[in-house]
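Heads up, there are several structures right after this.
Two complexes come next, and they have one chain in common, chain A, joined by chain B in the first and chain C in the second.
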Partner chain A sequence: MVLLVVFGLQQAITISIAADGELITEKSGVLNIGIEGVMLLSAFSAAAVNFEVERFVGPSSPYIGLMGGMLTGVAANFIFSTLSAKIHVDQVIAGIGINIFAVGMTYVMSQKYFEIDGTPVSNSLPALFNVGGLSSSLTLKISPLMLVMFVLPFLVYLFLGKTKFGLHIRAVGENPKAAEAAGIKVVRTRILATSLGGALLGMAGSYLTIDFFNQFTPDITAGIGFIALAAVIAGGWNPAYTFGMSLLFGTSVGLIYVVSATGPLFYLITMFPYLITVVVLGIASKRLRPPSALALPYRKE
Partner chain B sequence: MSGIRKSFPGVVALDGVDIEVNKGEVMGLLGENGAGKSTLMSILFGLYNRDAGSIEIEGKPVTIKNSGDAIGLGLGMVHQSFTLVPNLTAMENIILGAEPSRAGVIDWREARRKVTELTSQVGLEVPMNHQAEDLPTGFKQRTEILKALLRGAKILILDEPTAVLTPLESEELFRSIRRLTAGGTTVIFITHKLKEVLSITNRITIMRRGKVIATMETKDATVDVLANAMVGREIERKFVFAEYQPGETILDIRNLTVSALHNSHAVDNCSLSVREGEIVGLAGVEGNGQSELVEAIMGLRRPLSGEITLRGKLVNELSTSEILKLSVGHVPEDRALNGLILDFSISENVILGSANRPTFSQRGVLVRGKVRDFARRVVSAFNVSAAGVEVKARNLSGGNQQKVIVGRELANEPRLLVAHQPTRGLDVASTEYIQSLLVSARNAKRGVLLVSADFDEVLDLSDRILVLYEGKIIGELQRGSSIGELGKLLGGVVG
Partner chain C sequence: MVRVLRGVVPSIVALLLGLLAGSVLMWAFGLNPFNVFYALFDGALGTRYGQSTVLTYMSSYILLALAFLIPGKAGIWNVGGQGQVFIGGITAALVVVFIPMPIILWPLVAVIAACITGAGLAAVSGILEAYRNASAIVTTIMLNYVAQPFSSLLLYYVIVERVPTVAQNQYVVFPSAATLPAIPFFNASIMFIIAILVAIGAKYFLQRTSLGYNIRAVGMGPKQAESKGINPKTIKVIAMLIGGALAGLAGAGDVLSAGHGCYLVACYQDNFAAGWFGGEGFAGIAVALVAANDPIGAIFSGIFFSILAAGTASVGQNIYVVWAMQGIIIVFMAAPYLSTKVLNLGGKKRWT
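Presenting the complex of A and B:
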């Protein structure tokens, strides 16, 4: 049981941080279906930045990789939101485009960089502290990003609720026309919000390579991005509920590592997180109210 | 503020308009739909660009490129459809875009202080912590006004402010307006309601078809003068009407009440009937319940109470397709939205709703040849000018689109035709043609319910005219009634 909690929390880190990023983005009216692809690109960048720094400069810090991943997230989301908010590219299509691009791009690049799949990243994030003696010889690391995971929803809540920019984000996501009439620059607000969210997506993606797996493998995100997307929706675009949903989904992913099963049962267990996502989403989606202008382009008249 | 002049050519033209508003007065801008009132004010507020003309405020020429400029110059506008963010509180909406803040964090105490000061000054109380969407309409409007005032509006433009208010709310609004002007604020009050304009304004400017017809002191104005000036009369159109011999009743509506989106009664206890061989004109300025009434007849909106009987059959609970089967044709209000599928071809559009008929499909598969034949018949019978029947509806002019719709409906030889704004936005030739189709439908003993905000059209075509005002039928006129009589009723003046 303790094992499940710890593994669940570890899994929830990616989901929750990504969900926080997506939440900010969606609150501004931009639906980033490309969340999975952005995370994948960031995961790759984090590993690649580490790799390059080590090759040319010397021992790298995992925090440099993390920065690289986050910058990639910002850049990817900036491009995405510029396409959708400014040039009015359909958000769903642009998002799917990013996802497909990311899978192919990172696969090819990882062949080039790491020659084979999965050269380990030589140093990962140092643990805040380790939890030992849980079972036999297993020691579990508590990542600094786990701290971030716990603090972030509260920060997002304060940001959206108490700051000027947060209020503007909510306004452009609900009624861009009204926001414009109040003198708020809709397109700029959306691009900034999405880019900010991108930093968090980048952090979430990087966690996978510089911490959890300690290596990049193709398709390392394995649908986690979509689960984060589901957490935002099932959490009703509320930071606290989204966090709760992330924990639930994270725990269901963690189950894979805790339950050692073979044969058909193994596949069932592996399927479990996706299944529970679908079920929760199905139940939750009935009473939810997304930001009114979500996924709708805004054109000034 | 003096000497505004602008003109811009196109469909909705403002043809060299001059208006003057004096400081601290309430200036009424009166006119029917499409007269150019809102367009004029939208230009003033920087929402549209003008083609020519100039604007001066307090004697100084000003450039207004966007609403930001306008706000900076002390203008504020409250639109007919509110620009509030539904799930933000009233307070958040009021300060939105002008938040007092320290290092990016909103200073709520300062915000509350400012807003409270403002509300006590002008007497507009709003429950500040409620979400905007939960506020009653009157409070939403107050929120809008406060929003403008907080940004330092000295000239407040109110676009049809009472259109959405109950009489009581209107009274309260008027009290606030008086208080505002006493404090030196100038108010431009856009309306088509004669009584209101007489009771609240100091001066009245009347617009018609993009021009200023008259400007007068309110104390010199009477209902009759205003009604004539507002509605006017320009071209006489002649249609050949067969002798008026109405047959049996096709549509009978008794005590119908229909709700609008937000629990108010859009249609309030209306009764009317349409018989064979007559055109019944349902006149009214837009937004007085016409849309809801038509939707109720067509089964698109469930009535709250009352009875709708079509050819002897109670249809309150029937679906739209069942109602259409009772031989009803419907020309919807918005041809691009509800009348046609713009990306479908003409031939696909003319069989919308009747694609299941054995003539058009066999075992669920469309018989293209027959569909095309039918489409060609519609196109030639109703003078649609198009390169062929496979042309997309989107590529037709408005007039031709409307001919396709009217043609489709009439080709089915309906006993009742409900035509809602059938000529809105059309050029003169198409308008006359569509109108002549309605007249020949009447002469062919069909019943026509003509719902229109074009008062010339209603007067020209209708055998009987019912006037809808705030959801109620407030009067009935016979053919040959004068424009003045209609104008008064349209402005809500009975008798």
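Presenting the complex of A and C:
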């Protein structure tokens, strides 16, 4: 049971941080279906930056890799939001495009850079502390990003609820026309909010390569990004509920690692987190209300 | 004619921009784009084997494009073609393994069963979106991840146990009476003819039947459709049923085409890695988008993408460059304004 909690928390790190990023983005009225692809690109960059720094400069710090991943997230989301806010690309279609692009791109890049499919990352984030004695010969690392996971929902709540910029974000997500009339720059606010969300997506993606798996493998995100997207929806676009949903989904993913099953059970356990997500969405979605202008392009008149 | 041309131009522009971006990528990786494209088209069209591969890809690409675009016409996003293919394919295989039948009936029943289960999986998302307000984009993607392990489970613990396999479980061998008839000269089944006929049928269905009209009406505006006495919820679920059935049909085609039983194991490999998004379900989305959601257009863009896919299979590992290129093409297709702006660059105001 303790094992499940710890593994669940580890899994929840990616989901929760990504969900927080997506939450900020969606509050501004931009629906980023490309979340999975952005995380995948960041996961790759974190590993690649680490690799390159080690090769050319010398000993790298995992935090440099983390920075690289976050910058990639910002860049990807900046391009995406510029496309959607400025030239009104269909957000859903562009998001699907980003996902497909990311899988192909990271595969090519990992073949090019590392000439192998999996890229071992020599230095991962140092443990905040280790949890030992849970079961025989198993020591679990508590990542510094777990701290971030717990703090972030508060920060997002304060940011969206109490700051002026947060208010602007919510305004352009609910009623861009009124926001514009009140003197808020809709396009700029959306691009800024999406880029900020991108930094968190980048952090979530980087966690996979520079901390959890310690290597990059193609399609390393395996649908985690979409689970984060579902956590935002099921959490009703509320930071606290979204965090709760992330913990629930994280625990169901963690189950895979706790019940290291073989045979038929393996397949059943593997499909479990995704099934849970569908069930929760089915139950929760009915009463939820997304930001009014979500996924709608804004045209100045 | 002018109308058709105007419809086609954005697709051509998106394709060209995508190919251009892909060429830049290849160049960045130290490949000569001209050589790659030559090898690609030569590999796809130059040999009998390549041509057969094109025909095989074509059948699933066209059907999966329809599986995406028919629900799309009703305003519901079916991103779950991949999962529906898996479920359809495994159902066809199960029917073949467990219910022996006379020669023509056997593949026919297998195909119908595949359509039914594919439709069933799609309907789950359809019902959740229509009646529970749960975004079909998310649920269809989630169900992809459910369908794959589920069908792997059935494959490895039910089918492989009962059917002869060759090359260390890489190929499943089905009795030839259960497979779809092959066409002369090519190593491909009649599936691609079925796919083209289905596409033409879909065009007729959407344009000329009342159900097709209702589907389009719901897609254009659920509120207005409701005021005309159409129930948008039912229509959405029906559109998903049709889409899922076509994806299931594609799955059955993959599994039951002569010589492609091998596809079964190759495609159901139990690792998630490498290529969830490179799968045919997502290629089908690209095909539909480039066709600007037109069933007839889907035939042509389906041919184009199957040449790309078959060609890359012959080029080897550069296939991932093509995936990246597909993604770029989709992003360009998402920007109808971009294509028109590209065409009149001298316009006064850019990107209003």
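The rule we apply is simple: the second predicted complex is superposed on the first by the 301 of 301 C-alpha atoms of A that agree within 3 Å, B and C clash if a C-alpha of one lies under 4 Å from a C-alpha of the other, contacts with A are read in each partner's own complex, and residues count from 1 in each chain.
Throughout what follows, contacts are C-beta pairs under 8 Å (C-beta built on N, C-alpha and C of every residue); 3 or more make two chains touch, one makes a residue touch a chain.
Source: prediction; values computed, not measured.
*Asks:* State whether chain B or chain C is in contact with more residues of chain A in the superposed arrangement.
*Replies:* Counted on chain A, the partner with more touching residues turns out to be C.
*Asks:* Which partner chains sit in contact with A:Glu54 here, chain B, chain C, both or neither? Use first/second/both/neither.
*Replies:* A:Glu54: touches no partner chain.
*Asks:* Between chain B (first) and chain C (second), which does A:Lys177 come into contact with in this model arrangement: first, second, both, or neither?
*Replies:* first
*Asks:* For A:Gly223 in the superposed arrangement: first (chain B), second (chain C), both or neither?
*Replies:* A:Gly223 contacts chain C only, not chain B.
*Asks:* Is A:Leu288 touching anything from chain B or chain C once the two structures are fitted on A? First, second, both or neither.
*Replies:* second
*Asks:* Touch test for A:Leu167: chain B only (first), chain C only (second), both, or neither?
*Replies:* Touch status of A:Leu167: first partner only.
*Asks:* For the complex, give me every residue of chain A touching chain C.
*Replies:* 33, 37, 83, 86-94, 96-105, 107-108, 111-112, 117, 217-220, 222-223, 226-227, 229-230, 233, 263-264, 267-268, 270-271, 274-275, 277-278, 281-286, 288, 299-300
*Asks:* Would you tell me which residues of chain C are touching chain A in their complex?
*Replies:* Residues in contact with chain A: 25, 29, 77, 79, 124, 128, 132-135, 137-139, 141-146, 148-150, 152-153, 157, 270, 272-278, 282, 285-286, 289, 317-318, 320-331, 333-335, 337-338, 341, 351-352.
*Asks:* Under the definition above, what is the set of chain A residues touching chain B in their complex?
*Replies:* Touch list, chain A to chain B: 162-165, 167-168, 170-171, 174-175, 177-184, 289, 292, 301.
*Asks:* Residue numbers of chain B touching chain A in their complex, please.
*Replies:* Counting only chain B, the residues touching chain A are 47, 67-68, 71, 82-88, 92-93, 96-99, 101, 104-106, 147.
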